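Chain lettering (A, B, C, D and E) follows the sequence in which the chains are written, and residue indices restart at 1 in each chain.
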Amino acid sequence: MNWTNALPVVAVFSSLLPGLLIFALREQQQGLRTGLNLLGVTVKLIVVGVMLWGVSQGLDFRVEAPFLPGGALILHGDALSLQFVSLSAVLWMATTIYAIGYLRGTPLQSRFFGYFSICVSATVGVALAGNLITFLLFYELLTLATYPLVVHRGTREALDAGRSYLAYTVAGGTLLLMGIAVLHALSGSPQFVPGGYLASVPARHGPALTVAFALLITGLGVKAALIPLHGWLPKAMVAPTPVSALLHAVAVVKAGAFGIVRVIYDVYGAETLEQLDLTAPLIAVAAFTVIFASLRALQQRHLKRRLAYSTVSQLSYIVLGAALLGPIAAVGGLVHLIHQGIMKITLFFCAGAFEKTLGVHRISEMDGIGRRMPLTMSAFTVGALGMTGIPPTAGFISKWFLAAGGLEVGQPWVVWLFVVSGLLNAAYFLPLVYRGWFSIPTAEWPEDHQPESGWETRRMLLLPTLFTALLTLLMGLLAGSALGPLGWSQLIVAREFPL
Amino acid sequence: MNGTVNGVVNADLWLNVLLAPLAGIVVLLVVGRKSVPWLWLSCVPALLAAIWPPGELNPGYLWPAASWGAPDPLARGWLGFTALLWGCATAGAAGIVDWDKSGMRFWLFWLFSLSGNLLLVIGKDAISFYMGFTIMSIAAYGLVVHHGGPGPRRAGRIYLQLAITGEMILLAAFVMRAQSVGGSLALADWQQLPIDGFTLAALVLGFGLKIGFWPLHVWLPLAHPAAPSPASAVLSGAMIEAGILGLWRALPADDSLLQSWAGPLLALGLFSAFYGVLLGLITSQVKAALAYSSVSQMGYFLVILALAWRHPEQSSAFAILLVLFAAHHGIAKGALFLGTSIHPLHRWTWLVYLLPALAISGLPLTSGGAVKGDLKHWISESDFSHLSGVFKLATAGTTLLLARALWLLRRADAGTTARHRSGLLLGPWTLLCLSVVLVPLLWPGFREVWIEQLSWSTTWQLLWPMAAAIALTGFAIKMEWRVPEPLRRWYTPVLPFSLRLKRWLYNPPLPRTHLELDWRWWRQQERRWNHFWNERGIISSSGWLLGFILLAGVIWSAFW
Amino acid sequence: MVDLAIGLILVALAIGALLSSTLFGSLTLFFAFGMLMAVAWARLHAPDLALAEAAIGAGLTGALLFNALNKSPPEVIKERLRHPLSVALVCAAILALLVVSLLPSLDQVSPLPPMVGPRMDASGVDYPVTAVLLNFRGWDTLLEIAVLLLALLGVKVLLPTHTPAPQPWSLLLGWSKTLAPVIVVVGGYLLWRGSRGAGGAFQAGALLAAGAVMLRLNHVLPEIRWSQLLLRISVLIGLATFLTVAIATASFGDGWLTYPSAYSKALILAIETTATISIAATLTLLVEGEGDELQS
Amino acid sequence: MSPELLYLVVGATIWAVGLGGLLLVHHMLRRVIAVNLMGSGVFLVLVALAARSSPPDPVLQALVVTGLVVAISATAFAVRLASARAQHSSGTPEVERPGGDES
Amino acid sequence: MNYALASLAIPFTVALLTLLLQRRSEANPIVPAITVLATAVSLVFAGLALETQAVSGAVSHLNVGGWDSPLAIRLRLTPLKALLLGFVALIHLLTGLYAWRAKPKIARDYWPLSALLHTSLAALILSADIFNLYVTLELLSLSAVALVCLSGPKAYTPALYYLLLSLGASLCYLMGVAVIYGQYGVLDMTVLAGIMEADHSTRFALLLMTAGLMLKGALWPLHLWLPEAHTYAPTPVSALLSGLVVKGPLFILWQLWNNLAPEALAREMGPLFAAGGVVALVSGGWSAFRAPFIKTLVAYSTVAQLGYALMGLGLLLFLQERIYAVALWLFVLAHGLAKVSMFLAAGEMQTLLGSKRVTAMRGATQTIPITMSAFAIAGISLIGMPPTGGFLAKWSLLEPLFTQANHWPWASGVLLGTFVSAAYVFRAIALGFYQAPMSREPRHFDRVSQWLALLPALLVGLMAFAGQDLIAWMAGVTQT
């Protein structure tokens, strides 16, 4: 095994091993725990950096181990997987720092960080999975590792949310398993191939392929929170904020969306899907989700719940982009995978900082918060504008490509879908910005939360927030650079749609 | 025409045009209030670039196809007057805006808005333009609602609702336009290739919401009174005109579809021009009257556009007219708005103040005289020459409206005790007022037109409606005419509609999606089921089941 | 004709034993059923089975049941028969199917009985049933002794039931003192006879156990404790011997329980004897052993 | 009607009666009797089958002997268990299904 | 074959030895050590048997007593049987280690009884004679019931039910044997396999035997006795009962239908079994979901999981494809390991938390994390999530179902089963994540025994990583 083969494994284990070690730590070993976390983060970032460089140079990172008959365990770092891996690695770093700040002084930190790291490993595994079986393995691991995080607080409300989460995701996982089994029975579980490997399956298996597609998409759609499979996501808000952040930006929902992208492009392939005419229902569901979830978000009075419904809506952008089966739309979907992650995590970081510093949970409590916490509120504004798709944020870039992609494949209504969605996004985000900056606070802010003099909130909460907010801006402003998410997405699409 | 200095000025100046306001932000954050008097410097690179424009800059590391420059006189002139207006307004605002009342917030939004405005002017590609346009619009929200309280909040709400709607429609229109020209994002390409009606409608609607001609003007008379006066100045002087620029840039120069749309557009423009006057006459706020004047003036812009659409062969000439008109209106209206903050008004300030007011009315020798004369000239040359008479009426209306505005200003000045007369305000304001004369003299392109219109016939044609209007005003003041009571409470359906929209958005009527299960019923069934087995006991039940299995197996086999 | 009568009575007794109004009546009828069953078997040319049934099926089971009846509280709740008609219908249907399945087998011939005869010489015993039990199907027998041991272990696990033992019955006391030696002798005879005719380890063991039980009921036997080595040895020795033989034959001989032909008679005798001891001891304890005796 | 046939049917009947008893009766001792009846029924069937050949099938007879010992072992354990249960567990055990079986 | 016999004889000898060693009333400390050691040795011998068998790939026979075929009892050793021998020894070893360590001390009679249980299972596995199987079944039942009784009077009622039903079931089985003997005159399975015909008598005999075996194996719907018996048994005994004892009758059932029964009859019976399996999955799962006590939950989950096995058997018979046999035995292995872990964890919880209610598990992740992990990992295997053994088994059941469209409906049964299993497993796990009512360490806190409970869970939890080899190997093993 040469070094190129080892790297995907290192990428997975760089968070898994610290996670397992952290379980064994006592609660008081704060320093050691932080050290382990940061060590894992650093290693992972380095490995991901090397892999990014390698893939852009045309290197192939691949490792294989026997697992099931006809379906080995394959970890494969291709362009698409690296897109997701880099997102996970970077946001893991941010979230780890954030979580250290957020959880300071609360019990059960070892358990939290242990599962947290495992969760990230599972995400990286999902990203690097080279075939459906491997994907399933990590996908289920992700389900399990996330559950303890969702219920971390241990309250009845948290447990209820956890139950709902499990009910949805385990059911989804089972459907996914069925779908994978159907495909496995037809053609085994070979490695993902750009353009799909099912093209060679004889035409008489069309019904089976259709059923499998429905199963796979339904299974993945649970995590991707397609309506009506989204019910768990808003409830999962009771989790500690770093968890919500990671859940919404990277780990769980993205695994679903990423899986849908994989299934569409690397399992079925655009041609097969067009022949079977399978994407129309998916497009319809995604479009409906975009609108309906936005309307639901309007109804929410709880900050994190509103953010959650916004996630539901935004995730369907990705799904829609993938399902439109055109290169530009695909670029839009893929780049939104990154952009949505960065923007949403910013918003959640802010929400968490408000909550920790001032005890603000509800939207109505946000009046004038910008005076008290201007930096955090600025980050929030950037995130909110990004979600709405206002330039120069990252959200604008993805929206542009998605709309253009819709036109390209002859679906002009997609443009207007994004118009309406943008309006609704504005309708539920901009009032928050208004409240934060322009309203007068109704009561004095509590003073005793201020932990470090001279800072508006704990430093560990503020720095990651500003970092991701900056990224949001940079990804919009520097969208043209070749190594940015847009350039990388175009690289992926160039490989998926050989012209 | 910029050949002489092209080699001297580096293309990176374009970058500096944008970096200057951003640097202003940084300085502001670091230094605080001390930096405020110097923030007008952030407009200097833009002004320099307008005077000595370097070659285009393609910052490929930014968004795709990014390209900045001022390739034609239109862009150059636009950049110039925008920079001038913003510079003066910035300097003036330093004297008006109270730092202690959220001054920092104001300046941040101000500088963001400025950078957006500059970006859209220098952008040669669609994304730059859209980006600048949006940053400008959104940041201006912060200026509109700066004062706080119910009025600004209401104005801001409507502004934002319409602005965002406009942005989104524009996004759609831009995407469609880009796709219809084969994915190219260069605005130069957009001006070459034909357009379809749908995209055109979207563009007109999207930009129209910013431009504010009838019937999309509803935010203007609300936002201007609410905003601080420098903000009103740039809103009316630079921002709404950006919409005109956008319309010009995004549309092809020569297109049969546009030719057929020219007539309706002209009608819309004329209606807008008169509608603005009439509504302005019955308001009782200075800035609202000025805002209605803007609505009215935007009508003229539409007329110019309609002419250009109808006569594509003279497109370049109309481009000149457009930029001159924009410069004229921007500077004059900016001066008027900025001046509303000067209290108390002395005799000489009144004199200075009259200058832009008369310029807007079209006083010869001012910029207004030049552009209006030129416009009339082109109308008489065009297919719409039979409408020349209407413009005389319009000029009279404009004068009447401005007279009303001045009268309202005088009344307001008498009623206020606030004092704003610092040099920081008066200096730039005076510069701006004088610019209505100076700019036509200093700007070579403008000077040509100015000289062209220095004929007696033109002067007469411009002057007599003005004189008539002034006479009418004097008569009205003498007679102490009041706006009739029913007209004062002019009903606009926009406000309740906006409020209803807000409430609807706050809680959209959605179907309940929760499944209601009757748990008690299920529990009862379960109890019944448990009871059924309990009663029999394990052994008996098992015995029964065993017996049934034996029988069932046999029956199954028999029927297999 | 006699068979028909016996059959009918058997069925009637069986039903009666289940449905009799008192528990005592049930047990009595069941006891009678066992006796009659022994007669039926005797009529089916299986005298040694009849003997075993009489000793085990009727005698020991009866003793067990009566003993339990003694200890258990009186039946307070009357048997409430639920859906007797449906039960009868279901059982009748199953019975019909069963009979239909069994009937053809009377015309079939098994290949096994003819195989037994030629191998009797090599078996080491003269009586075919014993040969089958201890040689041809010795593995069954080994496991069956283990079953017996397990039943004892099960009883040993149970907590003792503290009921006062019934007062010895003086008449029985007198009789049992006389009977006991007789029973031992008869048991020994049966064991010895087993190699040639009807009889064998089980019958002998059962009879011995019956005698022991009778003695114990009258407190004649000395107190026994599980901690007594002798008791443990006598319970275990049968199985131990059998297992030792099995392991030895597997390790040093021709295979698992393949007796070397020269020693087969001796081995079988050893197994039978030890098994009888074990069976007798185990059965006795099963019927009469008290928990505290077995645990300490 | 040969005795073998007769006893075969009788054996089957007794087995069926035992099975029915298991369904019908509730007292533990009666249930033990029911199981024993089933056993006796099977043994009778086996013995009847043994008697179909002459001399009687020794293999079957040996099986009956084994079966008998197994039966008495299990019966003994069951009876002792029933007694112990009657003595020690006066209350019903702590389970969802209290059980309709009384002792 | 000698290795296999050694694997059988060692626990047998040890059982007698330990009984002989019971001198005083108190426990002899050597006894557990000897028994565990013997189990380990037995495991080694089973492994050796497996190795020889798997290497040769052959089936070896032994006619006990050296007599010729239809007369003698025949022992038969196939690779699968060798595997099961090893499995039995392994589970005994794991539970033995736990029982040795467990607090409070388990009654001394546990050791000979569990050794005898081991013996009886080994005998059952090796035997190829339908009457001998009856004897081994009785041996199995009696040792199991005796073991249940170890936990005192509270267990007497379930134990008695278990015993009586088990006896009735044996007699059903025996009646079936009688009919078969009457029809064919032989008891040897290998001989019978060739001569059985699909006539009425055979069918009814098979039905009788099946009914008996289902009752003993607690296969739905004849499982009613199981939950209480497993609930009230001492913890290591529950583990043994769930992990092994119910599998014995299942093994016989498999042999009966797979090897013995004519194919026509097997095809008839297949759908019934499979449908029963599906219903077992759902109803057992539901009962587990509603169960008030930890051990009852685990016990009902056994009922549900046996549904998978039954389904595998039914599909094997119905579709006559070997892969289902692989699925069936993978289920047995995975379930055995998982259930051992789960019961040990459940017992540990009962001791540590001082309550047997499921609700007592509140906060268990904080107070007893290792035990909770054991429970959770085992539970996840029961659900069949990767990479556990349960997943492997489910996968091998599911995947071939999709090769033909008309088999798909069965897959929905698996789907249902997964949902229901997830429901009851996570119901318990979720409670563990409640905020702990107190943070101090519970009484009797013993890390080693917790790890012992975790060990089988880890084994089964990572089983699928050997999946490819295991399935291929199992496919070879279940050939015969």
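Please note the rule applied: a contact is a pair of C-beta atoms (placed from the backbone, for glycine too) under 8 Å apart; a residue touches a chain by one contact, two chains touch by 3 or more.
This one's a predicted model, so the numbers in the text were calculated from it and none came from an experiment.
A.B. asks: If you apply the touch rule, which chains end up adjacent to both subunit B and subunit C?
C.D. replies: Both subunit B and subunit C are touched by D, E, going by the contact rule given at the top.
A.B. asks: Specify the chain pair with the maximum number of C-beta contact pairs.
C.D. replies: C-D
A.B. asks: Farthest from subunit C by Cα centre, which chain is it? Let me know.
C.D. replies: B
A.B. asks: Taking the mean of all protein CA atoms as the centre, name the chain whose own CA mean is closest to it.
C.D. replies: Answer by centroid distance: A.
A.B. asks: Based only on mean CA positions, could you tell me how far subunit B sits from subunit D in angstrom?
C.D. replies: Roughly 98 Å separates the two chain centres.
A.B. asks: What whole-number Å value describes the gap between the mean CA coordinates of subunit D and subunit E?
C.D. replies: Comparing mean C-alpha positions, subunit E is 27 Å from subunit D.
A.B. asks: Where the centres are mean C-alpha positions, what is the separation of subunit C from subunit E, in Å?
C.D. replies: The answer is 31 Å.
A.B. asks: In whole angstrom, what separates the CA-based centres of subunit A and subunit B?
C.D. replies: 37
A.B. asks: Return the residues of subunit E touching two or more other chains; collapse runs of consecutive numbers into ranges.
C.D. replies: 71, 131, 135, 138, 142, 145-146, 149, 152-153, 156, 161, 164, 168, 172, 175, 178, 181-182, 204, 208, 228
A.B. asks: For subunit C, which residues are shared contacts with two or more other chains?
C.D. replies: Subunit C, residues with two or more chain partners: 82, 90-91, 94, 97-98, 102, 105-106, 109-110, 112, 116, 136-137, 140, 144, 147, 150-151, 154, 158-159.
A.B. asks: Mind pulling the residue numbers of subunit B that touch at least two other chains?
C.D. replies: Correct list: 533, 536, 538-540, 543-544, 546-547, 550, 554.
A.B. asks: Let me know each pair of chains that touch one another.
C.D. replies: Here the touching chain pairs work out to A-B, A-E, B-C, B-D, B-E, C-D, C-E, D-E.
A.B. asks: Going by the contact rule at the top, pick out the subunit A residues touching subunit E in the complex.
C.D. replies: For this pair, the touching residues of subunit A are 23, 65-69, 72-73, 108, 111, 136-137, 140-141, 143-144, 147-148, 151-156, 158-159, 162-163, 166-167, 170-171, 173-175, 177-178, 181-182, 184-186, 207-208, 211.
A.B. asks: Inside the complex, what are the residues of subunit C that reach subunit E?
C.D. replies: Touch residues, subunit C against subunit E: 97-98, 100-102, 104-106, 108-112, 115-116, 119, 135-140, 143-144, 146-147, 149-151, 153-154, 156-159, 226-227, 229, 232-233, 235-236, 239-240, 243, 246-247, 250, 254-259, 295-296.
A.B. asks: Quick check on the complex: what are the subunit D residues that touch subunit C?
C.D. replies: Result: residues 1-10, 12-21, 23-27, 29-30, 32-34, 36-37, 40, 43-45, 47-66, 68-77, 79-84, 86-88, 102-103 of subunit D touch subunit C.
A.B. asks: Which residues of subunit B touch subunit C once you look at their complex with the stated criterion?
C.D. replies: Touch residues, subunit B against subunit C: 536, 540, 544, 547-548, 550-551, 554.
A.B. asks: List the residues on subunit E that touch subunit B in their complex, please.
C.D. replies: Listed in rising order, the residues of subunit E that touch subunit B are 161, 164-165, 168-169, 172, 203-204, 207-208, 210-211, 214-215, 221-222, 224-225, 228, 265, 268-269, 272, 290.
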